[in-house]
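Structures are listed in the sections that come next.
Look at the two complexes coming up: subunit A is in both, with subunit B in one and subunit C in the other.
After this line comes the complex of A and B, so read on.
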């Protein structure tokens, strides 16, 4: 798939990957041998009929392909871009051993983009009204999936979102160059045309409690995400210039700070930025810093092999010029006389025996302390679920890590009429896993509503 | 969209805005705040609630026109609409029957302490309100505060009303009351709250303040509002905004509030004509 060249894209926020042309999509689709027992489908959290839509593409029947795709996935343009296909559908492709697996994600993306270019969207079949009402807490991937599934089944659906735009992490977190916001808006608008009521600026737990909502609705799905940022709790973390990844990305993505002052939320022009962490969010932050004109480095306590980020994103970051300091652990931040961070002190690490996560445990090397000068730090070491819903919903069972306890298969919680799924249940994970949880919960909610 | 019901400058540079926000008005409690956006391209700014009416579905905020967003909010006329009013956010101020409570307020805090004083009075407290301003012409809502206070004391920097000086006069004013004070609640600019805290610490009187760090989402998501209280990092939006004043790291709060000071005025320097021009260009391309 063609991409913007690194030396160009590191200076702009436009999308990096440019997508397939119709010809190359058909060509790629024709390579699929249409396995009798496809190994890709069971790996898909939302159970897309992958060989089905690929067959249609191979026959240049794009409408047919979209129909199959959208039957199971209401956010294909998003998933085609941010799903870790290499860990899912593409991993079990029969061609995988030779490194020639079908580019399922790219085909999915092609279809969604092709459809968006057509004059008229094909509307799915919507079952007659059941007269039942479902409230969804959080307009992110989990909530939007539940909304898409339940509206098609004839239920009335209202999504309550705390921020001023729908999309959750797709809007505030994932940068423009990886997931353009017009695409998220397009997928959200599709749900609106299906009849989903979308309410922004509404903090469930504050503006209204779940119990109050249940007086009006038959069921509630909670997909409020993992929105509470972790810090390392090391000295100097509250100096000016030290950000959580959420703050850094929200300023840029939701608030469009990179267009300041046209958009009014300010963003600082830093010269040297260090991002602490090795996940996809860390890559997003480091690549954003680069685009804002800074020298950008990733500080990660293990080695390249253990990076939790997708390989594709790591490679993109490397190509663009992000510096990687592996086996490095921040010890403290050093401030100047005005309370601004001016340096970071780190310790070098070496890898020991594998730990509980199966990855080799980093062990500090004594006397290896180094100091890097910098003027901003982004802490991208993870998030835990926002406690707001748990604190305001009596009887809702909350786990040790602040997560809502919910059944893995159905999303059912300890309270009747309340389901939950996505990061608020699992802790920070991926978009597609949240969507998968939404799919299961929608099924269970539908069964419940039919039994009333 | 949220409609503007009333908008006026109540004293120089201090503005009152009443907005139709029924869901917020229904749940609002003293000490809570809302986040507003003045327009689609706008930033999110937190403002304390100064009043609300659940029946008519309105909320009122009082704020100082100081940067680009407050400047835009100040220019709103009744009938206009703004895209975001979200809340009520933060925890409500703890209201118990403490005995005698002194409410110290200045600037926008005169507005935000009003519902607190009202609730304290309803709980049966003896409420003494100390209002602070640079000069007497900057006081507002005096009748409203009188109605919910047993006593009102003024401090002005220029001595045009009440005591001359600033919050540094608190110890002698409190001594002059000749009655025990069980709790002090301070609302206003960071300086007023810090100075109040400094003055009441040696007196050993429990003092609560409503902190005002920079915020974005206001729901605990971004962490920009972190403050150190009792050597622990707390998020003012979800753990506060009220904290025990004597536990707050004031230097850190003052320093963090300055983060965007240079940028805050940048949009003010961009004329709106230029913006409109840019937009029309976009329309063409």
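After this line comes the complex of A and C, so read on.
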């Protein structure tokens, strides 16, 4: 798939990947041999009929392909861009061993974008009203999936979102160059056209509690994500210039800090930025810092092989000029006389003996301390769910890490009429896993509503 | 407390384990979030397990095995001290435990270096190693839950 060249894209926030043309999509789709027992489908958390939509593309029946795709996925333009297909559907493609797996994600993205270019969207069948009402807490991928599924089944659905825009991590977390916000808005608007009521600036647990909402609604789905950032708990974290990834990315993506003064929330221009972590969020932060003109480095405790980020994103970051310091552990942040961070002290690591599980854990190398001068640090080591819902919902069972405990197959929680799914249950994970959890929960909620 | 015999040292260690358990029980009772309280209660139960093991050693029902070198991942060494408050979370609870086990390790190391009696030095170093093993257990739990860097 064509991309912006690295030397160009590192100076702009426009989308990196440019997408398939219709001709190249058809050509790619024709490579699919339509396995009798497709191994790609069971790997899809939302159970898309992958060979079905690919067959339609191969026959240039894009409308038919969209119909099949959207039957199971209400956010195809998003999934086509940010799903880790290489770890899911594409991994089990029969052509994978030879490295020539069908580019399922790119085809999905092509279809969604093609549909958006058409004048009229095809509306799905919506069942007659059941008279039942469902409240959804959180307008991210899990909540939007539940909304899309339940509205089609005839239930009245209201989504309560804490921020001023719907989309959750798709809006505040993933940068424009990986997922243009116009696409998220388009997918959200599609749900609105289906009849989903979308309420923003509504903090469940503050504006109203779940119990208060249940006085009006028959069921509640909690998909409020994992918005509470972790810090390293090392000295100097309160210095100015030390950000959580959440804050840094929210300033850029939700508040459009990079477009100041057109938008009103500026983001400080830093010269040297270190990002601590190795996941997709860390890559997003490092590449954003680069685009804002900084020298940008990733500091990661393990080696390149263990980076949890998608390989594609790591390679994009490397091409753009992000510096990687592997086997490096931050020890402390050093401040100047005005309380701004001016350096980071790190220690080099080596992989120790394998433990009982066979994994080699990083062990510090004595005397290997190194100091990097910088003027900003972004901590991207993970997130927990915000404790607000747990604290204001008596009887809702909360796990050790602050996550809501919910049944893996149904999303049912310890409280009747309350379901949960996505990052608020699993901790920070992928968009598609959150959507898969939403799908299971929607089924369970529908069964419950039908039993009333 | 005098530490002039193996029996006295074991009594001291048993008392320290009980103190540690009480420390975690007290913290558990103060936590504003129930699930964090449960984490500290589980730590208290572990300390009581260590205490029971030492009592069994003193009775002669089992021996403290001085096995291989214990890996020191040093995860807790550079982390800031946690200010104890009712609003701690699971991550901070693990840091509190890592630091406490490190302090216990250092206590026995210090006592071992202060005696010339080879027998007593041996048991004190074995107890130090036990505490290092406990610290490693918390470091591994911390690493697996909070150092995925994702």
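The definition used in the following text is that the second predicted complex is superposed on the first by the 445 of 452 C-alpha atoms of A that agree within 3 Å, B and C clash if a C-alpha of one lies under 4 Å from a C-alpha of the other, contacts with A are read in each partner's own complex, and residues count from 1 in each chain.
Convention: contacts are C-beta pairs under 8 Å (C-beta built on N, C-alpha and C of every residue); 3 or more make two chains touch, one makes a residue touch a chain.
Note that the coordinates shown come from a computational prediction; the quantities given were computed from them, not determined experimentally.
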When the two structures are laid over each other on subunit A, do subunit B and subunit C clash or fit? fit
According to the stated criteria, A:40 is in contact with first (subunit B), second (subunit C), both, or neither; which is it? neither
Taking the superposition as given, does A:302 touch the first partner, subunit B, the second, subunit C, both, or neither? second
After the superposition on A, what does A:401 contact: first (subunit B), second (subunit C), both or neither? second
Could you tell me if A:264 is touching subunit B, subunit C, both of them or neither one (first, second, both, neither)? first
For A:240 in the superposed arrangement: first (subunit B), second (subunit C), both or neither? first
Per the contact definition in the header, classify A:387: touching subunit B only (first), subunit C only (second), both, or neither. both
If we overlay the two complexes on their shared chain A, which of subunit B and subunit C does A:346 touch? Say first, second, both or neither. neither
CA minimum distance (subunit B, subunit C), superposed complexes, angstrom: 5
Just which bits of subunit A does subunit B share with subunit C as contact spots? 233, 237, 387
Hey, which residues of subunit A end up touching subunit B in the complex? 162-164, 172, 200-203, 206-208, 227-229, 231, 233, 237-238, 240-241, 243-244, 246-247, 250-251, 255-256, 260-266, 268, 338-339, 386-388
Applying the document's contact rule, which stretches of subunit B touch subunit A when the two form their complex? 23-24, 27, 37, 41-44, 68-69, 83-89, 216-217, 219-224, 226-228, 233, 238, 251-252, 255-256, 258-260, 263-264, 266-267, 270, 275, 278
Per the touch rule above, subunit C residues touching subunit A in the complex are 32-36, 38-39, 71-74, 78-80, 82, 89-92, 95, 140, 143, 145-150
For subunit A, which residues are in contact with subunit C within the complex? 230, 232-235, 237, 276-282, 300-302, 308-309, 329, 331-332, 347, 352-353, 355, 361-364, 380-382, 384, 387, 390-391, 398-402, 428
